[in-house]
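Presented sequentially are two complexes of chain A, the first with chain B as partner and the second with chain C.
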Partner chain A sequence: MTEKIVSKEDLKKILEGLMKTSELLAPGKEGDLVLFKPVKNPEEVFFAYPNSLKPVKEFFFPPREELFKHEIREGKVGLSSEHQENRKRVIWGVRPCDAKSLLMFDKMFDGEYKDSYYLEKRAKSVLVGLACNEPLDSCFCLSLNAGPHAKEGLDVLITDLGDDSYLVEGITAKGEELFQGCGKESGEGERTRKKELEEAAKKKIRKTCQPPPDLESFFEDPYWEKVSRKCISCGVCTYLCPTCFCFDLSYEGRDCIRFWDSCSFSPFTKMTSGENPRREKKTRYRQRVYHKFSYFKKNFGEIACVGCGRCLRECPVKVDIVEIVNQCSKDKTKD
Partner chain B sequence: MIKRLQEKVGKLLREKKVALVIGYEMAGDGISTTPCFIEREDEVERLVWNEHCVYNLSRYLIETRELASSPSPKIGVVAKGCDVKSIIGLIQENQIKRDEVVIIGMECEGQFDVEGERQFKVEGLKLKDKDKDKDKEGKLLEKCKACEVHIPKVYDLLIKDDRNSGAPEPQSPEVNAYAQVEELEGKSQEERWQYWKKEFARCIKCYACRQVCPLCFCPQCIADQTLPQWISPSPSLKGNTTWNIVRAFHLAGRCIDCGECERACPMKIPLRKINKKLGKEIKEMFDYEAGLDSEAKPPLADFKLEDPEEFIR
Partner chain C sequence: MFQSEFKKIIPYSPYRTLPAEIIAVKPYTSLEKLFRLRLKGNAEFDYVPGQFMEISIFGSGEAPISLCSSPTDKGYFEITVRNVGSLTGALHNLKKGDLIGVRGPFGKGFPIDDFFGNDILIIAGGLGIVPLRGLIRYIMHQRKDFGEVQILLGCKSPEDMLFNDEVEQWGRHIDILFQCTVDKADPDWKGNIGLITNLIPGVTLNPMRTYAVVVGPPVMYKFVIKELLKKGIPDRQIILSLERRMKCGLGKCGHCQINGIYVCQEGPVFKYRDLRTLGEAL
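Let's look at the complex of A and B:
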C-alpha cells in the first residue's frame, strides 16, 4: 500500500489522462442535484459534496438494462445479447459508504448465483474513493462497520488535506496504477493531518443505528402499523438506497428488460392469482426494515445498510428508518 | 398558534368528535416537520405549526376514511388554504363526505422552499435559518408567493395567526402565478420538447409524484397494469414521457396546485409546470378552477348540451 501527496493540478492531469484511456464517471452538478456522470471536463468534477443523490449502484445494476433479445427465425426462437463494452471504467469520487454497499451487492450477485451482467461491470471498474471530511447530520456509517475514511471496497482513497493537497492511499494494484508516476511521498505531518481529519469527521457523526438483537420477536408487533402510517409507499428510499437490489423483468417488444423494483410498491408481491401477501402498507414497510436488518444479516452475516442517510434525507415525508429501528424495542416495553 | 391548535385538537378528541387528527410534528432533524396521527388527548403536544409544514395531509384522508362514521367520530385534518382545495376535490369526487371530516384550517403566511435544505445537501451547509425569518420572501415556495388562500376558504375550525390578530387578511402579492408557464409557452415547439426531454430523462419511476398526490387515489394506477402493459415500467425516455404525460392529463382540471408532486420528486423534475399549464388551459377553455366548490362538477367529468364539439353530443 503506497501513500503519496498530490496537488490539485496533478489530480486534474490524472483526470485528463483517464478521460482518454477509460470511461470516466464522476460527480457533477445537474441543476441543484449532484449526480455521477461521464466526465467531459475535469473542471466540472465536483469535490466538495456530501454525497451524490443516486448511489453508484446504478453503474453495476442499472435502473434499466437490456438482458437479451429474442428473435423468431425460420420458426425457431433464438436469443441474442448485445456485447457489453469492455473498456476500463473509472468511477471517481465514490464515498466510502457507497463502496461498502458494492461488497453487499457482491454477496448477492456474485454468490450462489453469478450474475454475468453485474460481474462484467464489476470486473472492468476501478473505484476511486473520496474520504468524507464533512459528514451530514443524517449520516450514520460509523455504527455500521464503516466510516467517513473507510477503505473497504475501494481501490484507492483520496483525502482532501486542504491547501490544494491530497493524500492518495493505494488500496489495490488497480487503484495504485492510476496514480503511478505522480505526486510526492507523504511526510509525517501530512499523515498526522489525515488522522486529525479522520477523527474530526468521526466526531461529527452523531447518529447511530442500534437495531435490537431480538428484532425478530417484534415481527407481529402493532408498532409497524404505527410507524409506517405516514409512509406513502413510493420508491424513493429503495431506489436511492445503495444496498437495495430488487428488480423485475419485463418484455418491451423483443427485448427482455431488467429494471429496479421496490418492496414499497403494492404490486411488488402481487401474484397472478390476484393474491397479494403484502397488500397492507405496514407489511411492506416492515419488509424493508427486516430485509435490511434481519434477513440479509441471516443470509450474509451483516446488516444491509451502510448508513449513507439517503433514505432519511430524500423521503418525501421524512420517515426515519434509524429512529424506527432503534426505537422498536423501547416502544414494546412502553406499551 | 401551536397552543391553540393543541387545545382545539385536545377538545375534539375529548369530546369524541374525532377518531383521529392528522397533523404535523417535528422531525428528527429538529427543523423539518413530518406528518403525524393523533388519536389520544395526551398526544396533542406533539402537534406543531411552522413554515416547514409543507405536506398536504389530505392525502391521508383516503387511507383513514374507514375510521370515520357519520355524524361522528370524524377524521380531523390540519389544513392550509391550498390543502383545503384538495379536500374539496375529494368531496367532489365522492372519496370522502363533507360531514366525515373536521377541517382544522390554518392561517398560513407561506411555507418555506426546501431549497435551503437542498443547498444543505449539495454544499454540506448547515441549516440555521430556523428563526431567521428576515428574508422570508426569498425562501417562500413558488406556490406561496402567488397564494390567494392564506385563510382557508372552507373550514370547521380556524386557527388564526397571532401575529396578524386584528390586522386585515394578508393580501396575495402581485405575482403572476403563470409566469413560468408563460415563459415556456413563448418557446418553439422544438425548444419545449428539448426542455422536457431533458427533464423526463431523469425520472427514475419512483412514483413519489403519484403517491404523494391527494388526488391520485385510483385503486389501480394505469402505470401498474401489466395486462396489457400500457406504460413500460422501466425508466427510459419513452416510458418516462408517457408516464409523466398520463399523470398530468389525469389531473387536468383536478390538480389543485399544492405542488406536492414536485416537492416529493427526488429528481426535481418541474412537475408543477405541467400541472399549471393544464390548469391554465382548463381555466381558459371551461372557466373552471379546481378545488373551489365541492358542488361543482369537474369539467372533464361533465358535459353541456350546448357544447360546441360534435363528438360529445
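Let's look at the complex of A and C:
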C-alpha cells in the first residue's frame, strides 16, 4: 500500500484526465441535494458533504435495468445480446460505509449464481473513497465493523487534511494506478494528522447499533406492532438503503426488465391467488429488521447494515430502525 | 439441480428463458387448462415432481408455475394453470404451436427417495392437486417401488375437479385407495360432501411407515396437520408444499423469503418438521 500527499490542483488534474479516459462519477450539487452524477467539470466535484442522498448501489444495480430483449428475426424469436459499455468507470468520493455495502452485494450476486449484469459493472469500476471527517448525528458505522476512515471495499482512500492537501492511500493496484506520477511522499506529520482526523471523526459517532443476540426470540412479540405503527410503508428506507437488494422482474414489450422492489409494500408478497403472507404492516416491518439483523447475518456472517443513517435521515415519519433494534430486548422485559 | 439446457445459459444470465412449444392444450374447467410443453429442439428435461418453472410470455411477465407431469412422462412436460391474472390470462389465449419462455426447474421437489418402500398418503385440496398429479403419475408408473398408496382429494364442487379423466382411473385402480370429497354438490353426486379434514380420521394407516404429502390452500394445512399428528405420523414424514411469490427462482429477489430461507431454493416442498420453527411458514 502506497501513501502520498497530493494538492487540490493535483486532484483537479487527475479528475480532468479521468474525464477523458473513463466514465467519471462524483458527488455534485443538485439544488440542496448531493448526488453522484457524471462529471462534466472538475470544479463541480463536491468534497464538503456528509454523504450523498443516494448510495452508489444504483451504478451496479440500477433502479431499472434491461436484462435482455427478445427480437423477432425472419419470423423467429431470438434473444438480442446484452450490451454493456465496457469503458472503465471511476466512482469518485465514495464514503467508506457505501463501499462496504458493495461487499454485501458481492455476497448476494457473486454466489452460486453469478449475476453477470452486476459483476460486469463491478469489474469495470474503480472506487475512490473519501474519508469521512464530519460524520452526522445519524451515522452509526462504528458499531457495524466499519468506520469513517475504513478502507474495506475501496480501491483508494483520500483524506482531506485541510490546507488544500490530501493524503492518498492506495488499497488495490487499480486504485493506485489512478494516482501514478503525481503528488509527493507523505511525511510523519501528515500521517499523524490523518490519525488525528480519524480519531476525531470516530469520537463524533455516538449512535450505536446493538441488536440483541437473541433477536430471533422476539419474532412473535407484540413489540413489532407497536414500533411499526407510525411507518407509512413508503419504502424510502429500502430505496435509499445501500444494502437493500430486493428486486422484481417483468417484461416491457419484449424487454426483460429488472427493477427495485421493497419489502415495505404489501404487494411484495401478494400472489395471484390473492393470498398474501405479509399483508399486515407489522410483519413487513419485522421482515426488514430481521432480514438485515438476523437472516443476512445467518446466511453471510454479518449484519446487512453499514450504519450510513440514510433511513433515519430521510424517513418522512422518523422511524429509527437503530432505536427499534436496540430497544427490542429492553421492551420485552418491561412487558 | 437444473436440467442441462438451462444450465448452459445460467452463467450468462439466469434470467434468460428457453423457448418451449405448446404441443397440446386441454381445458379441464371453465378456469383451468393443462398445457403440454416441449423444449425447442426437443432438449432433454429432467425434474422432480413438486418442482416449479418460471413461465413467461412477452409483454405479460413471468410467474412461478408448478410442474404437474412426472419425469416418467417422456418427451414433454405439463403445467396446469388457472386463469386469474394477466400472465395466466395471456397463457389461456395461446394454442397448440405457440411458444412461451421457460426457466428452471427450480426448488426442491417431493423427497421421492425417502418415499421408496414406504406407504404414501396424498392429500390434495383445490389446486393442490396440480403438483400432486405429477407425484401420483410418478407413483403409478413405478408402483412397485412404493407400499400402500392412498389419495384423498378435495375440491369445491364436482365441476371444479381437475384431471377428472385421470381421477376416474385412480378411483378404479386396485392398488390405490382413493377418496374424494366436495364442499357442495347436486343430489346425484355419489361421493363425500364436506371438508377434506373429515376424511382423515377414517383412514387406516401405519403411521411409522407412512409419508403424508399435503398440498392445498394455506388455510387447509393447519387442520390437516393436526389430524395427521393425531394419527401418529411423525412430523418428519408430513410433507407440505408452500405457495409463495417465487419471482426469480434463485434465492435473490426476496419475495419468497420466510425467516431467512428462500422458499424457491429450500422449498417449495418441505418436511413439516422443518417448518415448525419458521414462524412465517404456515
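Convention: the second predicted complex is superposed on the first by the 328 of 335 C-alpha atoms of A that agree within 3 Å, B and C clash if a C-alpha of one lies under 4 Å from a C-alpha of the other, contacts with A are read in each partner's own complex, and residues count from 1 in each chain.
Simple rule for what comes next: contacts are C-beta pairs under 8 Å (C-beta built on N, C-alpha and C of every residue); 3 or more make two chains touch, one makes a residue touch a chain.
Please read all numbers here as calculations on a predicted model, not as lab measurements.
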> Thinking of the overlay built on chain A, is A:F109 touched by chain B (first), by chain C (second), by both, or by neither?
Replying inline: second
>> Is A:N326 touching anything from chain B or chain C once the two structures are fitted on A? First, second, both or neither.
In response: neither
> Thinking of the overlay built on chain A, is A:L136 touched by chain B (first), by chain C (second), by both, or by neither?
Replying inline: first
>> With both complexes overlaid on chain A, does A:T269 touch chain B (first), chain C (second), both or neither?
In response: second
>> After the superposition on A, what does A:S250 contact: first (chain B), second (chain C), both or neither?
In response: both
> Which holds for A:T159: it touches chain B only (first), chain C only (second), both, or neither?
Replying inline: neither
> Now for A:H70: first (chain B), second (chain C), both, or neither, which partner does it touch?
Replying inline: second
>> Touch test for A:S125: chain B only (first), chain C only (second), both, or neither?
In response: neither
> Same chain A residues contacting chain B and chain C, which ones?
Replying inline: 248, 250, 252
>> Per the contact definition, I'd like the list of chain C residues that touch chain A in the complex.
In response: 10-16, 19, 56-63, 84-85, 87-88, 99, 127, 217-218, 243-245, 247-248, 250, 252-260, 279-280
>> Give the list of chain A residues in touch with chain C in this complex.
In response: 67-68, 70, 77, 79, 82, 108-109, 113-117, 219-220, 245-254, 256, 258, 261, 263, 268-273, 275, 277-278, 283, 287, 290-291, 294-295, 298-299
>> Touching residues of chain B toward chain A in the complex: what are they?
In response: 27-29, 32-37, 55, 59-60, 63, 115, 118-124, 126, 202, 204-208, 210-212, 224, 226, 229, 232-236, 260, 263-264, 266-268
>> Considering only the defined contacts, which chain A positions touch chain B in the complex?
In response: 29-34, 48-50, 53-54, 63-64, 134, 136-138, 229-230, 232-236, 239-240, 248, 250, 252, 257, 259-260, 262, 265-267, 281, 312-314, 316-320, 323
